[in-house]
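There are structures below to look over.
Look for chain A in each of the two complexes below; its partner is chain B in the first and chain C in the second.
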Partner chain A sequence: MHDLNVDINHITRVEGHGNIVIDVKGGKIRELRMDIIESPRFFEAMALGRTYKEVAQITSRICGICAVTHTTTSIKAIESVLGFEPSIQTIRLRKLLLNAEFIQSHILHVYFLTAPDFFRVGSVFGMVKDNKDDVLRGMRLKSLANDLCALVGGRHIHPITLKVGCFSKSPELKDIAAFKKRIVESRSDIDVTVKFFKDLKTPEFERETEYISLTSPDEYALYGGSIKSSDHNGETAPVDYLDRIKEFIVPHSTAKHAKSNRNSYMVGALARFNNNYEQLHPKAKAAAEEMGLKHPCYNPYMNNIAQVVETVHCFEDSINLIDDLISDGLSDEKVELLPEKGRGVGATEAPRGTLYHEHKMDDNGKITYANYVIPTAQNLANIENDLRSLIPQVLNKKKEEIILDIEMLVRAYDPCISCSSHLMKVKFVNE
Partner chain B sequence: MNKNSKVVIIGVGNLLLMDEGIGIHVINELEKHKLPQHVGIYDGGTGGFKLTDLMHGAKKVIFIDAVETDKAPGTITTFTSKNVHSIYPKKKYSLHDTDLMEVIKMAELLDNPPEIEIVGVQPKIINYGLTLSKELRDAMPDIINTVLSRIEEVCSVPGYGFLSKERS
Partner chain C sequence: MTKPRVAFFSFTSCEGCQLVVLTIEEQLLELVNLIDIVSFREAMSEKSEDYDIAFVEGSITTTSEIERIKKIRETAKTVIALGACATIGGINCLKNQFEMKKVKEIVYGEMADNFDTIPARPIEAVIKVDYWIQGCPIDKDEFIEVTKAILLGKKPRIPDYPVCVECQMKENVCLFEKGIVCMGPVTRAGCKAICPTYNDGCVGCRGLIDDPNLSSHKNLLSEHGLTVDEAISQYMLFGGNSKEKYE
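Up next is the complex of A and B:
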């Protein structure tokens, strides 16, 4: 096939967002564009005038899947303004909560969005007939992570105990200890998950790109660290994030794109895997080997396998964090921070990649400037470049197979569409 | 709130998208009312498939959500998944566009699924903003009464708890 015309309309309720347009004529790509996110500037506008204590409650609502990361990053930006470093206990609890979000998000992504493609069943509901045990395993693991989120964050969805300075309420030690037992008992589900994804054949495709993630000398960086690009030897402090990444507007989209050394870069599980492989838990490395994920990897479809690897890592890291919390004991902390005028940046790894929140506030603690750089904004140009490279390689396939390859690639990233209304449109049976 | 509530009320939606957040506004309003102890109230936000974790152990779940029914803004429609034409599975490119009916379909796959009904409210404006449209603000008392009446009816059925005498 030398001609291809694909126009995928993604349904979002906010006008002007949501297309993948590909036009190939005579084997040449004439048009390829993707516009499936909103501009975060609307959320930034909502933050203005809010106090430093309440702004995280707004950002928590940007995304139901990554609410912990948005809240944490918002708080870290405020603490950056104030030059405040939380206690070890608070940092451990934040890391535990972040692990819970990574596990639930990755599990949902790989079981509910990615796996159905391998069985050609259209959606997770199509897997129920022949793969119900697999769906239920995904549900169990997702529930485990969400229950951990509720235990530490106070709620299953949109956490409420995360505050500037410390947690408003610490979990009970006995509950944390009991939860460790649950995580340990669920290792068997993780083992089967690794075997399940090992058997699924990921499309073969390679395109090396620039990989950007946080990095830390102490650990596999999720909660914090400095910014690392695979194109550079040095690292960049989060507060200088605009020295490393440049946001720009493209003509076809109101969404901000981002670039660094090249005209696109990748963030997310595969970028972290490539940048920080050595610091993965040994069990996570073993899972990578079992599933055929070799370091470094330049196949964006393998992002989902990297997510399974990170899920293993987060499982083991959570057990270690709980051991540390039990060993040192938990106390109810009280931290009262007074406002100060200044600028601060928070950077945290979200499941889909590095998330930056920049805040400026005045003497009264009112937010006067906000800039949020979400992972999907950073990945957007990279997805387009992946598609530009992929399409000429698959043009000899049938159109429906090409479309599936394209869709699978987009789903491998799972673009965040925070502006996507979850509104149901129903048609009643008796109408 | 009882962790293992037999009757669970969940408001869902995005608070940052005006009328899309109607379910959360209703939950905030319901929290001012005294409800039977075995009735759990949750702000489900944009939890997507996470919402199934709020239903564990429940016999009855009532969702409150913005629903496009082509009716006048503020119109309340109470229904179950059996009342609507199946449009699932729908194609999706992101987990972020999971809607409530998919969550309900998923919950119904589990062992001992609860009875689930939806109190749907027709939105007027879905766009960036923290407030409800005037039409939905005006409809709020009716929505609250509808939900409270359903809670009372459900709780009067043997096995679902007690008739609420505690509600103020």
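Up next is the complex of A and C:
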């Protein structure tokens, strides 16, 4: 088949609204776009005039799945303006909360949003008949992650205790210790998860691109670090993120696109895996090997597998963080931060990739400027480039199979489209 | 008896409320036995134009969304507004303090004209709504209570008293006594006073109760050092659609 007309309206099992339009005639791609038709949210305007203490509560609402990351990143931007370093306890609690969000988000993505494709069913509900145990396991792990978020943050979606300076209320030490027991007992569910995903046949496809993520000498960077690209050796401090990341507007998308060294790049689990593999927990490296994920990997479909690897890592890292909290003790903290005029940038890894929040504020602590660069927006140009490369390779398949290949590719990126619109309708055009 | 056909829709939102629905986990599997979920874009590939009950998350912020929500109202017998964006407008209404032209320029610069946006509003500004599930995000138990009530043909039990009642029942120390400003006295309960329980002032995400004592609350805010503008700013965080009430 040399002609193809694909028009996927509101691609399903991704967060947010996107359409994919592809028009191939005589083997040549005439049109290929991922239309982001999510209503523009205007958060960068909504933050204006709000105070430095409440802006994180607003940006939390950019996304339900990555609420913790948005809240954390806004807080870090504010603390960066004020030149404030939070206590070790606060950093540990923030890392624990972030780990919990990673586990929650990755498990939601791999079990609920992508696994159905491997079983050729429309949703996780369709998996219940033949794979009930797997569905229940996914739900147990998600529930565990949600409960950890609730323990540290009050709740996962739009966390309450996560504030500028310190937590509004620290969890009780006995509750943290009891939770460790739960995590340790859930290791078996994680082990089975690795085996479950090892058996799913990931499509073969390769396209090397630039991989960007945070990096840190101390650990597998999620909470903080400098900006690293796979294309060169240097690192960039978050405050200079605009030297590295160039955003631009495209007419077919309410989300901006981004480029760096090449005309597109990838962020997210696979990018982090490629850039920072050495620092993964040994159990996570073992899981990667078991699931056939080699370092480095240029197959975007394997982003799902990289997410399982990171889930293993976050599990083990959380146990270590809890041990540190138990040994050093936990207390309620109170920090009073006075406003200062200035500019600050927070950079954090969200489950889907590097997130930047830039804030400027005046002497009264009112936000005068906001810029939010979202992981999914950074991936959009790369998704389109991958599709451009993929389409010629799959043109000979049946149409339903091509559509599935396309949808699975987009889903593998785990796009969070509501986030990305400050800002995939696969439209096969057959003639 | 055929199972009711249920669909979930999202408009301008963070999809957090739908995510809460997905977190009811094992009860979700039981619920799936009682109803036919025919459309839930975030979780399912199957779609349908034929449904009896529609849960709608998100505000209306573009002209195309007006058409979409009207079509949903024509199709469904029952429409439930899910979460603050849909029930009271929520965070999205912060955009409304700007002129639409200005807000587009701030974010999209020269490409501003490419984008369609209108002042954000709750869905009841466009269609008739049958039930409201408040909160940002919604409360899991309230979702189950309302869904059960709809399926049984009963009236759901939604509190019409302020968050203070739930807060006191939990024996929390009042935040005002700790010098923390709180919207609890005028905000609808049903969240079990979760934010004050974690030492954070209520932000009013569940909307005002039917007959809020705004004048007393304003005095209280003033006693705690808030200027009139600061007080209005607090009300406007989630309640931006009802500006006239606060002035």
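Rule of thumb we're sticking to: the second predicted complex is superposed on the first by the 403 of 431 C-alpha atoms of A that agree within 3 Å, B and C clash if a C-alpha of one lies under 4 Å from a C-alpha of the other, contacts with A are read in each partner's own complex, and residues count from 1 in each chain.
Definition applied: a residue touches a chain if its C-beta (ideal position, glycine included) is under 8 Å from a C-beta of that chain, and two chains touch if they have at least 3 such contacts.
All of these numbers come straight from a predicted model, not from anything done at the bench.
**Q** Quick one: is A:Asp414 in contact with chain B, with chain C, with both, or with neither? Answer first, second, both or neither.
**A** A:Asp414 contacts chain B only, not chain C.
**Q** In the overlay, answer first, second, both or neither for which of chain B and chain C A:Met46 touches.
**A** Once the two structures are laid over each other on A, A:Met46 reaches both partners.
**Q** If you stack the two complexes on chain A, which partner ends up touching A:Phe125: first (chain B), second (chain C), both, or neither?
**A** So A:Phe125 meets both chain B and chain C here.
**Q** Figure out whether A:Ile249 sits in contact with chain B (first) or chain C (second), or with both, or with neither.
**A** In the superposition, A:Ile249 contacts chain C only.
**Q** Touching A:Gly64, do we find chain B (first), chain C (second), both, or neither?
**A** It touches chain B and chain C both.
**Q** Can A:Lys283 be said to touch chain B (first), chain C (second), both, or neither?
**A** neither
**Q** Which partner chains sit in contact with A:Lys142 here, chain B, chain C, both or neither? Use first/second/both/neither.
**A** It touches chain B and chain C both.
**Q** One more residue to check, A:His109. First (chain B), second (chain C), both or neither?
**A** first
**Q** Hey, what residues of chain A end up touching chain B and chain C alike?
**A** Shared contact residues on chain A: 10, 12-14, 42, 45-46, 58, 61-65, 67, 108, 112-113, 122-125, 128, 135-136, 139, 142-143, 146, 155, 157-158, 418-419, 422-423.
**Q** In the complex, go through chain B and note every residue touching chain A.
**A** The contact residues of chain B facing chain A are 12-17, 20, 42-54, 56, 65-69, 79, 82-85, 87-102, 105-106, 109-110, 120, 123, 126-128, 130.
**Q** Show me the residue ranges of chain A that touch chain B in the complex, using the header's touch definition.
**A** That would be residues 8, 10-14, 20, 36, 42-43, 45-46, 58, 61-65, 67, 104, 108-109, 112-113, 122-126, 128, 132, 135-136, 139, 142-143, 146-147, 150, 155-158, 407, 410-411, 414-430 of chain A.
**Q** Okay, in this complex, where on chain C does chain A touch?
**A** Per the touch definition, chain C meets chain A at residues 10-20, 22-23, 25-26, 29, 32, 37, 40-47, 61-62, 65, 90-92, 94-95, 97-98, 102-104, 106-109, 111, 114-115, 117, 136-137, 194-195, 197-200, 203, 233, 237.
**Q** Using the touch definition from the top, list the residues of chain A that touch chain C in their complex.
**A** So the residues of chain A in touch with chain C come to 10, 12-17, 38-42, 44-46, 48-50, 54, 57-58, 61-65, 67, 108, 112-113, 116, 122-125, 128, 135-136, 139, 142-143, 146, 154-155, 157-158, 160-161, 163, 168-169, 249, 251, 254, 418-419, 422-423.
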